[in-house]
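Below, chain A partners chain B and then partners chain C, in two separate complexes.
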Partner chain A sequence: MRHNYRNWPILLVLGIFSTPLLIMLVFQVVDSFTLKQPGSLIPSGFTLEHFRFLWEELDTGRAGIWRVTLNTFIFATTTATVVTAIALTAGYALSRLNFPARGFFLAGLIVLHAFPTVTLIIAIFLILQILGLYDTLIGVIIVKTALELPFGIWIMKGFYDTVPWEIEMAGVQDGASRLRVWWQLVLPQVQPGLMAILIFSFLSGWSEFILPLVLAPGSDAQVLATYMQALILDDTKADFDLFKAVGLFYALPVVVIYVIFQNKLMNIYGGGSKG
Partner chain B sequence: MQLDLIGFTKRFDGTPVVSGMDLSVASGEMIALLGPSGCGKSTTLFAICGIHRIDEGRLMFGERDVSGLPSQRRNVGVVFQNYALYPHMSVFDNIAFPLKVQKADKDQIRRRVGEMAELVHIETLLDRRPAQLSGGQQQRVALARALVRNPDVLLLDEPLANLDAKLRLEMRSEIRRIQQETGLTAILVTHDQVEAMSMCDRIALMNNGRIVQIDGPTRMYRDPMDKFVASFLGNPPISFVTPEDLPCFGAPKACAEIGLRPEHVGPQFGTGLTGEVRFVETQGREDLFDIALPSGRMIRSVQPAGSGLRPGQTVDWGYDAAELLCFDRQEVRL
Partner chain C sequence: MKRMNWLGLGFLAPALLVIALFFLAPVIMTGFFAFTNMSTATGITGGDYMLNKSALRALGDAGLPDATLEKLEDAGYAVDEKGLAALAAQIDQETADEFARLHGGESFATRRDVERALKDLRQNRIRKTRDRKAAAELFKRSVLNERFGTEAEFRAALTAGGIAPRDHDQITAQAYTGWVWTTENVELLFTLPSTWRYAANTAIYVAFTLSFNVGFGLFLAISTFYLPAAQAATFRAIWFLPRILPPVLYVLMWKWFTWDTGFLSTVTGWFGMSPKNWMLDSPTHAWTTIVLINGFVGASMGMILFASAIRAIPASMLHASEVDGANRWQQVRYIILPQLRWPILFTTAYQTLSLLTSFEYILLATDGGPGRATEVWALAAYHTALNNYGGNLQYGLGAAFALVLVIIGILASLFYLRLFNFRQLVGKPLIEG
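On to the complex of A and B.
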């Protein structure tokens, strides 16, 4: 392979900027598994003690890690499923159907996508209280889903736009109903988009912090992000090694998902299928 | 199946795109909807297959009025310009799709797809994906898919536009052969006069949302109804002169313009038409001359190659008086 530029300057710059991140990651992993004298950077022995949260209750009055993990998982999967389901249909409608106020909806999507969601949090808080959904997992899921939707719909619309409309017309000519055409002929071609939205909204739900913190502060609806926050907040003497171990546990699924699906995630920037 | 379009009108946002069009296609006939872009030919095609609603008028397939029926129930086979094959399905599944929608049983599907593959010569390609096929092969698959459920009418929307010149020639005769073997009533939409003339029994030439003339290709070429038809058909195109340019020709009084086809101008028709050669285009078998008359008007002539004439030379050629086309001030043929 021929290069019309040299590789090493790029590698050097990338290396310089990545080193701090790399060091942080290394210490995250090393500290989670080792004992250390105070003030020293060099570990003095191997231990699994920091992972004790996995098999024993840390203290009374707090939800166990497995319960919290289950909460987080439910939160992330439900959000991802609902976002994907709505984005698939809404994106199709915006891309293909000519309905009243279509332009308004398109503009609204962009505005909502760019809108800083934190500014809405007071209003959402009040609404959830009135609806009786405050401090419930369901309430947080609904809010998170609503906030994720503009992005999902917009991306899906982009994928649908790349499918030639003649394919749908051909399907209709072949005698299939509009629903069947969408399901059998169009959907397979936006499948990369579907995967990308599913994974992205799952990861986004998995790492969500502000919404559960404000809208569901009780222990019943706790997720991993708020669990970690409570961990360093409560203790008079913060146990940072424990905190790092929980962090590692929290980040593991994200890493696994990225490794498995990285090709699919790249699609979101490419967009569309090649006929 | 006989097809009748009666008083068809289509509007987009209130503006009529096609107005009051009548078209009758005999059973087993292949007719071309020919015209410049924007003349309404594709609109007509989409109205026939049900993609566009028919605003006014009726569409009859034989005795059946299908004007109000949705596409799915019209039983029309369509070949789209970009073929619109389903990229995620094999060739077999593409062709089988219309039958699967009809819930035909497996054996029947296999038999029928086999027949179609044989008809369009793609028996060996059934396991491939559309992306693995050449343009001509994709075209054949699209044809097979359109034909597989025995449609009443076959519609072809610019079927050759995406093919290179050599394939276009091949598919031209292939489509014609398949249409004749199946005996289907077919409508071909095209802006290419050569396609229309070489493939179809009759041509319906459209302009501004109306049919200007319907005739067989030869008839339409030799006997155009107005100046638009005369100038649209023919390659290289016809040239127009005034009666003053041809003083020896006894033009009728009402004649405002005379059309001269390139093949009817040349030394073989005697003398009397002098002019200066401005441009010579070599086409191998023949040369195409642009000649400036003393009045400044340009006429074209096609001559066998090897005349040795150069731009700047003056020629004294003749014309075939029997083949001149006279038009009045309203551009209607006299």
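On to the complex of A and C.
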């Protein structure tokens, strides 16, 4: 079917539509490393000056980049680990075990999965204030974990559903406890799912902007997203080359993960979590 | 086999706990908060009782008798422990001791009386008039501008000040600095003209972005389907990037593209146009940018879902159509599109809800500007409750804004549950206990 038609019209239209995006992406990288005359788009020389934020303090009165990067890393890894751990057990329970009100929990999970979490931000803000977790990294981590969970459990349940139940049946027949069957027989089967959720929640935590912005605005709990946005807002004369260098630094782990796990990611995002 | 039940619930318990605390509780609490007047001024955890000048004025307007107001303002002077301690700190301990010996426990009606008493001290007269005035002020006992931790304390102070008991309730209510229950927020939502504006903005935003997402997602999925695998993969990878990049960086790229020092202005500058901010110079441009920013992200979801649906079409059908002489347009119209009905419906349903409530990209790009032109409902909730220029954050009103979205969210989620027939997914587990 592909050979009976000419391809160049399609390529042309696709190319035109992709041009703005390509321009943005190319200059995002090029501008981070080059000097330019004002009013020109053509680079006139190589420089690492835009990356000065890595070795000298920008006079923003904010925490330094490495502290912020560490925060972001702690935030993303902790969230990813906790979400994955909880989803591993909860997904198994919903997929395989029979317990009271199972249908209710499952329907609830689907509703939560579709529910737009960002509407809850005001109530969460007030709850964290009441609990005394406002403006702490741990508070943001807990909230992010809770909001990410329905999606994680849903994906994990899907992976458990594909494991042939003969495996478990055999284990149970041989006299192993259900717990041991899960740990020794089923878990190795769902390792791709485990990886998928780890990666997905890590990326989601790494990119998160609204939660840290609202729930931890202080300088102790800054993450790269809020750091970068504050930098953009602070500057009276927009120094886009600096912003782009910060952005490139920020996006580096994302791009690396994307390059390695591209196909896997496309499948997960097919389930969709943002607009 | 009873044990299985407990294993299942045990496995579920951590998830239930976290979700209940930080997912379900916020849903319910939004409902509560929406009916309070919580704000920065009232605080969150509760309040004190304090009367100040403006509260007094409000009470006067509300018809409290002038005599009572005067009493509230000037409850007289009393020589008590607190005042004496302050006096000792300000002058010295001996003066305070002597004053206590002569006048301890007495009350004076006016400041002049107190000053006279201070002047008449035998050993430790306060000579300077200014010092006496300041010292006398230390003994002023008024309900005004004093903080009371509990209602009982405040009422006791009113009684001590000789305020008629029938006025107590009114004064106490006015003096309370904490939040109270109210339905004002809901009334405000219906009466403020700006809320209708936000609703209209939201409708514009959802309609245009959704059309772009679905339309362009379809275009991407179908066009890449006809390309050789390598080219198709390249385009899909490019169009997937906006979704995977952190929103702050993604919006930064758009800012560079549209702002007055950025790409568009530089290029138009070559043709003699003066640089301008293409994102914020007019509402139309702002909306265009917003729709494109969201659309470039949203299109990839449609692209992925539609592409996998197209791949599921049996190749024989497509071959057959070509043998029958169908051109490409006919192939798309009569074979591919009918197969995409459910994915399109799903994407539309899912994205309607998420666009209705999302404000991240708008917040980052235009922050509702220029003016309030791109302020959508969810962003208005955020601005009202969590970030406004006035400084007084109105949590209650913001929660009322959010409550509308929460209710829509719940209803829509339940509706999707029916629409996409999730009952089969809720079927019995393969191995049951």
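Methods note: the second predicted complex is superposed on the first by the 241 of 275 C-alpha atoms of A that agree within 3 Å, B and C clash if a C-alpha of one lies under 4 Å from a C-alpha of the other, contacts with A are read in each partner's own complex, and residues count from 1 in each chain.
Rule of thumb we're sticking to: a residue touches a chain if its C-beta (ideal position, glycine included) is under 8 Å from a C-beta of that chain, and two chains touch if they have at least 3 such contacts.
Note that the coordinates shown come from a computational prediction; the quantities given were computed from them, not determined experimentally.
Which of chain B and chain C touches more residues of chain A: that partner is C. In the superposition on chain A, contact is made by A:180 with chain B only, not with chain C.
Once the two complexes are overlaid on the shared chain, A:189 sits against chain B while remaining clear of chain C. In the superposition on chain A, contact is made by A:13 with chain C only, not with chain B. In the superposed model, A:169 makes contact with both chain B and chain C.
By the touch criterion defined above, A:52 reaches neither chain B nor chain C.
Overlap of the chain B and chain C interfaces on chain A: residues 169, 172, 274-275. Listed in rising order, the residues of chain A touching chain C in the complex are 1-2, 4-5, 7, 10-11, 13-14, 17-18, 20-25, 27-28, 31, 39-41, 85-87, 89-90, 92-100, 102-103, 105-107, 110-112, 114-127, 129-130, 142-143, 145-147, 149-150, 153, 165, 168-169, 172, 178-179, 203, 206-207, 209-210, 214, 224-225, 228-229, 232, 238, 240, 243-244, 247, 250-251, 254, 258, 262, 265-267, 269-270, 272, 274-275. By the touch criterion given at the top, residues 164, 166-167, 169-177, 180, 185, 188-189, 273-275 of chain A touch chain B in their complex. Across the complex, chain A is touched by residues 4-9, 11-12, 14-16, 18-19, 21-23, 25-27, 29-30, 33, 38, 44-45, 209, 213, 216, 219-220, 223-224, 226-228, 231, 235-249, 252-257, 259, 261-263, 266-267, 269, 294, 296-298, 300-301, 304-305, 308, 315, 318-319, 322, 328, 331, 350-351, 353-361, 363-364, 378, 381-382, 385-387, 395, 398-399, 402, 405-406, 409-410, 412-414, 416-417, 422, 425-426, 428-433 of chain C.
Looking at the complex, you find that chain B touches chain A at residues 49-51, 70-72, 76-78, 80-82, 84-88, 97-98, 101-102, 130-131, 145-146, 149.
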